[in-house]
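Below are two complexes that have chain A in common, paired first with chain B and then with chain C.
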Partner chain A sequence: MTSLSAYLSHMLRAEWIRSFFLVKTKPLTKPAYFMDYPIDTGKRCTHCFSCMMICPVPDAISVLMVGETEGEDIWKPVLYQGHCIRCGLCVEICPERVLASGDIIERVRQDSTYMQSTFHILVNEGKCAGCGTCSIACPVNKEIDPILASKGTTTSDEVIMRVKAGVMRVLHEEKCTGCKTCVLHCSYQAMDVARVIECLQYESDDETSATNEGG
Partner chain B sequence: MSLLQKLKNSVRKRSIHVSFVDTASCNGCDIEILACLAPRYDLEQYGIYVHNNPRDADVLLVVGAVTEQWIDKLPMLWDKIPEPKVAIAIGNCAISGCVFHRPGSYTDPPVSKHIPVALSIPGCPPRPDEIIQAILAVAPIAFKDYEKKL
Partner chain C sequence: MTEIPEAFSFSHTKQPSGGVHDGVVTDVLCPFCGCLCDDIKVTVTAGTITGVENACTLGAQKFLADTGRLPKPIRRDEDGWHEISYDEAIEYCVEILKNANRPLLYGWSSSLTEAQAIGVHIAELIGGVIDSTSTVCHGPSILAIQEVGHPGCTLGQVKNRADVIVYWGANPTDAHPRHMSRYSTYVDAYFMHNSFRDRKIIVVDVRRTATADIADEFLQITPGGDYALASALRAIVRGRDDVVPAEVSGISKVQMMQVAEMLKNAKFGAVFFGLGVAMTRGKYKNVRNAIELVDELNRFTKCTITAMRGHWNVYGSNEVFTWISGYPYGIDYSRGIAYYNPGETTSADLLARREVDAAVIVGSDVGAHFPRACCEHLASIPTVLIDPYPSATTHLSTVQIPTAVNGIDAEPGTAYRMDGIPLQTRQVLPCTTHFTDYEIFSRIYARLKEEKGA
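Moving on to the complex of A and B:
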């Protein structure tokens, strides 16, 4: 009986009940500089695929055509949570500032940094079967030659790569945006795209162009 | 609902016992869980208590992309937890495999393939406040009126 009353007198103290049901610290918040999932600023996406190119994670971001207004296609970058690691590289590289996260854009402007990229398409001739899947999958090819997009064959020499006389030929490496869609779709693992990114800083007398670029 | 039942539910909300398992992560999520225990976030003030033994826990926090060695051990560990129980997948590895989910990798994500997962917390890693908020959100729903569900 004494133990029960001791128990009750201990447990029914207002202080104990308060500390049991209430939290001591302030509500949890994220600091303003925290780089959360990139959000869409509503600016116009030019579907350059730079964000897809720089993303280090498979399937974290896709640039999709989501609609049409006045005969013009609307493109949007779509992010997949559970894949995206919130590294912010897509925010930093987007030339149109479509994406935003934390204070990344502000810092890029402050430091006048920019990224420059070149891409090299490598086809392993020993493995390549000349099936042409890569040239059909390539989103840039589809845009250059709409017939390729609808029919799957092309005779245009303006495309990045296509099968010529049974052999895969890379014709315009410089048009590649480095999205790696072709690599993903090659059934023979015959293709690779080397992406070379340089992070550069404008010279201080170059400041005006930096401000324009960051705008 | 009787007054006793209401009291039981509100006490349960403040008495959540978690255990956590790392099925091969980079350690990032583990560090964030550790940060929850540290004074800055002070997990116990929310009524969340950490146990080393899954037999003492109600909530299993799973981290990592599930390597081959974990494929049979993770369900075994899940079976050891007494009912009522929920599993929470923490981080991208547990949800999608993220950077480890590539052809030729020795992982078998996601965690939900191996045990039932009630909630996923995306992030690489998720912040401690995201982890705490997720546990606080799922536990009251999972354990509410548990004896009536039997």
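Moving on to the complex of A and C:
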């Protein structure tokens, strides 16, 4: 009873009532470093598949051909929000700045950072059944050999990989963009793409190029 | 190969025809599974296959590991196996077929349709039973199709149009490795952008197979639960989900509703079913229910159903037998007319009842796959095995006649893909040592006609 009267006497003061109804707190804003799902900046995607390569989550982002204009294909990174963990790596690596989230692009520009990557495709021949799924699903192969994409029949040795003598053979590892489509769709778990990614900073002499790089 | 030739003289060496000694043969038809991939490129160096492109491991091994063929026909007597000539082997075969009361001609799924056709004529001539491997495979599926029809399509339609694909009781990843990369899931569709990203894959199986790993929706049913699940899905599709309990065959109603919705909203659905549906409890009734589910779905969208035929030309055997006799397998000519009653006139039943008194097994390994009682009976009667390679069935046989391998060194002929498309085989290698099954059956038929005075 004593505490209740103490509360009432405290809250019924004119000063308390005034400060309660006329609060001067600043409205909440998202801090600059807050990362939401990446958004499309409208810039032209060159389907280099870097975003798919760097994405740490299976099936969170796919670069798809969404249509065509004046005879030219339009590509876009399509995000699957249920899978995306909002790490922002796709935004950071995209050389064309097609995606944006928080102040990632700004910070990349300020810090003059960039990423360099090399890939190594590993095929476990003991597990591979030569079904050809990886070579047909591969977005780079699809462009090099359209017959492979539409019929499942390899007609070119210019592709990254193809089936020979019943197992997958890697022919042009240097064309691999590390997108991991082959790894995700191999039902035998016979494929692996080792991705070596270095996060580097331009030297001060290179700052001009860094600015260009940053778009 | 349209007419049955006069009797050959089998005493001389076979004249080589077709095939290459050195070079590359393109558009070769794979001689392994029911996919009949017809884009194989085979390299031949000094009469040996040295390279195979586009084929999966199963198909490539058929070409590259083509070793251990029987060089000549063999016959067993008290001292063991002895080589004999083709003429002697064929005479033995004619002798046992001529004198038999209940001869059985079984196998045929690795034979060309041309050879299968002669097989039916032989069965009719001797009043025997002719049966193909579908009797132990998709036989129940054919019974279901006879009951309710077959809303099917070619694999090309699936490839170019299907946006929802169901594999029910089938594991194409292991059994038909190129099915998904050539005919369904991964290959680009003519009528879709980004087809393999847009296609939805539903897998129904009792265990988590390799195919289930890449599925969008996996329904792990309890063994034998196919019929109940198909019934539940039919009810949901018909708008009677109120009668469906919370769980059917281990699948929750929520998931069934979701799958039914996916199927109804598909632009083009394609259901592929394997022996997990056709050979589990319920057998042809399971397949009938699955066909009727597809029938229901066609009230909302386009949907088709196709059996995942395993043996190479097994579809051809059903086609050939049907167009000659009216029945797809298990055809009994003992009454002088074609009679068909699965369970009575099918190989396993005939052998288990010990009715058969002479058997010719064509390109099939009965010894490895039939019940023990059937194998015991086969071992106790004159049995001729017509197969290029020694197998478990060799041990049950009295005579084995090796043939050229169809699709490798046999002359070109016709084989049917799992969707009923007839394709022409290619001859890769020249053959001088072995006769084809077509030539052997032509000879047997001609000799039997002479003997019977037909």
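Quick note on the criterion: the second predicted complex is superposed on the first by the 184 of 215 C-alpha atoms of A that agree within 3 Å, B and C clash if a C-alpha of one lies under 4 Å from a C-alpha of the other, contacts with A are read in each partner's own complex, and residues count from 1 in each chain.
The working rule: a contact is a pair of C-beta atoms (placed from the backbone, for glycine too) under 8 Å apart; a residue touches a chain by one contact, two chains touch by 3 or more.
Model, not experiment: these values are computed from the prediction.
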In the superposition, chain B vs chain C on chain A residues touched: C
Partner chain(s) touched by A:K142 [first = chain B, second = chain C, both, neither]: second
Chain B versus chain C as contact partner of A:V66, first or second or both or neither: second
Partner chain in contact with A:R109 - chain B first, chain C second, else both or neither: neither
First (chain B), second (chain C), both or neither touched by A:I85: first
Contacts of A:K151 with chain B and chain C, given as first, second, both or neither: second
Touched partner set for A:S187, first chain B, second chain C, both or neither: second
Chain B versus chain C as contact partner of A:K175, first or second or both or neither: neither
Chain B/chain C common contact set on chain A: none
Chain A to chain C touching residues, read off their complex: 62, 64-67, 128-133, 136-137, 142, 149-154, 162-167, 185, 187-188
Residue numbers on chain C that touch chain A, as the complex places them: 39, 51-61, 64, 173-174, 177-178, 180-183, 185-188, 190, 193-194, 196-197, 210-211, 213-214
Chain A partner contacts - residues on chain B that touch it in the complex: 10, 14, 41-42, 45-47, 92, 95-96, 98-99, 101-102, 120, 122-124, 127, 129, 132-133
For the chain A and chain B complex, residues of the former touching the latter: 20-21, 23-25, 28-30, 34, 56-59, 80-86
